[in-house]
Amino acid sequence: MSTDTSRRTPTTALSHHTTDAIYYREKNLVTDILKPGATPDFVAEAAAHILGRDVSDGERRVLNAIMITMMEHGFTPSAIATRSIYMSAPENMQGAVAAGLLAVGSQFVGTVENNARILNQLVALEEDAQRTLAERVVDDHKARKVHMPGFGHHLHRPEDPRAVRLLEIGAENGLAGRHVAALRLLSEVVDQRAGRHITINATGATAALLGEMGVPVELMRGFSLIGRTAGLVAHIAEEQQRPSGRFIWDLVDKSIPYEA
Amino acid sequence: MSTDTSRRTPTTALSHHTTDAIYYREKNLVTDILKPGATPDFVAEAAAHILGRDVSDGERRVLNAIMITMMEHGFTPSAIATRSIYMSAPENMQGAVAAGLLAVGSQFVGTVENNARILNQLVALEEDAQRTLAERVVDDHKARKVHMPGFGHHLHRPEDPRAVRLLEIGAENGLAGRHVAALRLLSEVVDQRAGRHITINATGATAALLGEMGVPVELMRGFSLIGRTAGLVAHIAEEQQRPSGRFIWDLVDKSIPYEA
Amino acid sequence: MSTDTSRRTPTTALSHHTTDAIYYREKNLVTDILKPGATPDFVAEAAAHILGRDVSDGERRVLNAIMITMMEHGFTPSAIATRSIYMSAPENMQGAVAAGLLAVGSQFVGTVENNARILNQLVALEEDAQRTLAERVVDDHKARKVHMPGFGHHLHRPEDPRAVRLLEIGAENGLAGRHVAALRLLSEVVDQRAGRHITINATGATAALLGEMGVPVELMRGFSLIGRTAGLVAHIAEEQQRPSGRFIWDLVDKSIPYEA
Amino acid sequence: MSTDTSRRTPTTALSHHTTDAIYYREKNLVTDILKPGATPDFVAEAAAHILGRDVSDGERRVLNAIMITMMEHGFTPSAIATRSIYMSAPENMQGAVAAGLLAVGSQFVGTVENNARILNQLVALEEDAQRTLAERVVDDHKARKVHMPGFGHHLHRPEDPRAVRLLEIGAENGLAGRHVAALRLLSEVVDQRAGRHITINATGATAALLGEMGVPVELMRGFSLIGRTAGLVAHIAEEQQRPSGRFIWDLVDKSIPYEA
């Protein structure tokens, strides 16, 4: 039972169809998107479908780079979950992918959103006020001993090469405005407070670039999910050739001892 | 507890990293895939990562068209599940996407695999033997009153415009070989046995085109999952703007009466 | 790649086994839990396994009542998701149950935790200070126009009969201590501020009773999940007999119009 | 878009409500199930809700024993997935449980159904014909080198103590009829063909006992799902106290080497 039965009927702008046509928003799938001579581009169409507007060529290039970067991170908890479930129910690939996607939560990809929220607060201010806020935010994280989202990498030092390149690709494609400037300012303050250089990481670069594109913070995770889905399908493809699920099971089972 | 503790250690070809480089299979993510002057393409990289080989430009174009076609199908059970879960746990977009992906099972996308298995059996034969098998398969489905996978559409008659265009895009890009020929042969037999034209549908076209690319049947669902993920993210984006979850709840609750 | 490779090996107290025995924590499954003359009780064993201590008979009775109450709520978003996924992939019951469980998030069951956190703050105080805090909390929710978790029901007025009975069952079984008293105090303040009686709902009663049992707030959702799983299996059982998935699809699809 | 818009409205027998009462099927939740003097029993109510009939005391005892046995199996792929997802998104316990439940597929719990289907075929025959079919089935599995579902255990030899005890509990509670007899017959044939004793395992015992209760094969997985949910919640409870997710990540990542 719901809490209210009188409410307005919602509508959808995503699609409709007639007997001989399917529409994605206002475009005819066959005679617009897939028409002869066109080069149908999944990333561009996905972004247009999600954002409700066509994306520029530059935005498309940056989105491709971001989604490629999100695709693969090795034997992460996400990939381990996918492989474990695939081994248990290989008749059911979608369950294995769904299990791995459930890892796209607060601890990893969620940090994009945390960084993006800070950037949004910064770009809402005049330039003078930005530094003050940046200092307050960095000091506050330090005081709470909380990791500053978008900065640092346990392995890639002094620079996360992905972050450097993603920001370059942004600049090459017209996405180096106020969000990227805010990230650079934040980076200056982070370095100053740390007394040494801390890399901007791929999370920080992604937050700034999606911010430049006007992607709402609460939608950012969506692009990671598309990228991750491709990566998890690759893990399943490899699992079909080089099964690891039972090895992982044995390994974990014998490595975690019983202790009452 | 597992059933065997002595087995060989599996390996992975998907990725490895050093302190300053990340590799996707044999390619350096930053200096190969994302290098200046390149046009990084998510679909091409995803396909290469999944299939373990680079795809041709033609294959890339066909995959883009297929994944766009998979992306959106309106208020399907998949989209309804995603919207219902998003409404219940909006803090957790990945859960809503995972719920919707769990619909990518036997009843809808699984029919691509059923069609592809038939095509694989056909292309394994000499041409003469193909027609005999095609007739046997169609007659068998008819006798069992089972829907012939890849054929027919409740709405799009006489032709599913997506299937027609997908096969054209295949032909424009060098993917019109033995699998497509087998599909056309099957189509002839279907029409003959039915005494009227039954459309090849998007499922059938997808099975033939992925078959042309050498995608193993048990991997085909993976490309649907990537396409669907994008579509489900779009449903969540719309749900953020035009919430439908509670409306759906009320509607369903009041439309299904109690009967002991 | 992970962020640290030097860390202590974790241990598990949940189970271990020998060639002829399986242990659940310290108990032998066969010769302790299932031994002749015993009445093996799933709820008691589940609670012991989760909480790491045996529960009293009174606690067991209260948990049974709570889990029964959690089991069924009709055609909720959770049940709609389960039925939609089951229709799409009936070969895969676990996917349908998983989809429905993903609804056990912030908007519904999460309110148990929100109420429980308030109760925990209240019971940490001397009695005098409790009323002051209760007033502050209620006024704060009112000022923010946020629903007070654990109170009110759109349908069951003036009392939610489940909440009344659950608290009685608690009292009959020795669970009417400081958490229940804190809930009653909160209820007094809620009524006073509203100028009329607002029912304690099942959420509020559950939070107080699990609080009495010392269940940590971050574990409370677990008991809801067990109860919901049973309810979702019942929805699948009914779906096998009286399919509703396609009806729901048609109904939703035709009820939400296209609007650009 | 769906394939048919003219179909009968489905109904539900699971629940309905009035302003002051909630019904589970025909029972009033508060005044029947939870009424003073009653001992509300979650397992009995769940079974009645799922099966559409009250279960006997004997059936209830057997179900409790089965669900307890299903609850915990150590660091299985299911538990590994749950812990990996919980570590990634601890704000979202339901996602971690859902991930682990997705392992309840063909490779482990699905074997209950495979065994139950054989038992159903046997009990449909006269006694004389049963042995012939049993021999055919066992020989056929042997010829196909497929594991005989319900028999054998890599660790528990010569007997799986759980299976022995579950069948005893069945006998103590009036569940030792034709399905159990068919399992014993199958066991005789298995032993004869193997030339040594192969244990009936917990899977086989469960299939026979649920068969005795008249649970349809396609519903059997549901009781495993309820049991597993409790076990996975226990794994999360332990993960909150003794985190293993990062250890598992490091362990797996460093144990599976790169090989192109």
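Here the chain labels run A, B, C and D in written order, and each chain numbers its own residues starting at 1.
Criterion: a residue touches a chain if its C-beta (ideal position, glycine included) is under 8 Å from a C-beta of that chain, and two chains touch if they have at least 3 such contacts.
In this text, all values refer to a predicted model and were calculated from it rather than measured experimentally.
Counting C-beta pairs in contact, the pair that comes out ahead of the other among C-D and B-D is C-D.
Distance from chain B peaks, on a Cα-centroid basis, for C. Put simply, the C-alpha centre of chain A and that of chain D have 37 angstrom between them. Computed centre separation for the pair chain C/chain D is 23 angstrom, with centres defined by C-alpha atoms. With centres taken as mean Cα positions, chain D sits 31 Å from chain B.
Within chain A, contacts with two or more other chains are made by residues 1-4, 9-13, 15-17, 73-75, 89-92, 94-95, 98-99, 102-105, 155, 244, 247, 249, 253, 255-256. Put simply, chain C touches chain D in their complex at residues 1-5, 7, 9-17, 19-22, 24, 29-30, 33-34, 36, 39-43, 45-46, 49-52, 61, 63-65, 67-69, 71-75, 92-95, 97-99, 101-105, 155-157, 161-162, 164-166, 168-169, 172, 216, 218-219, 221-223, 225-227, 229-231, 233-238, 240, 242-244, 246-247, 249-250, 253-254. On the side of chain A, the complex with chain D involves touching residues 1, 17, 74-78, 80-81, 84-85, 87-92, 95-96, 98-99, 102-108, 110, 244-245, 247-249, 251-253, 255-256.
Within the complex formed with chain C, the chain A residues making contact are 1-4, 9-13, 15-16, 25-26, 73-74, 89, 91-92, 94-95, 98, 154-155, 255-260.
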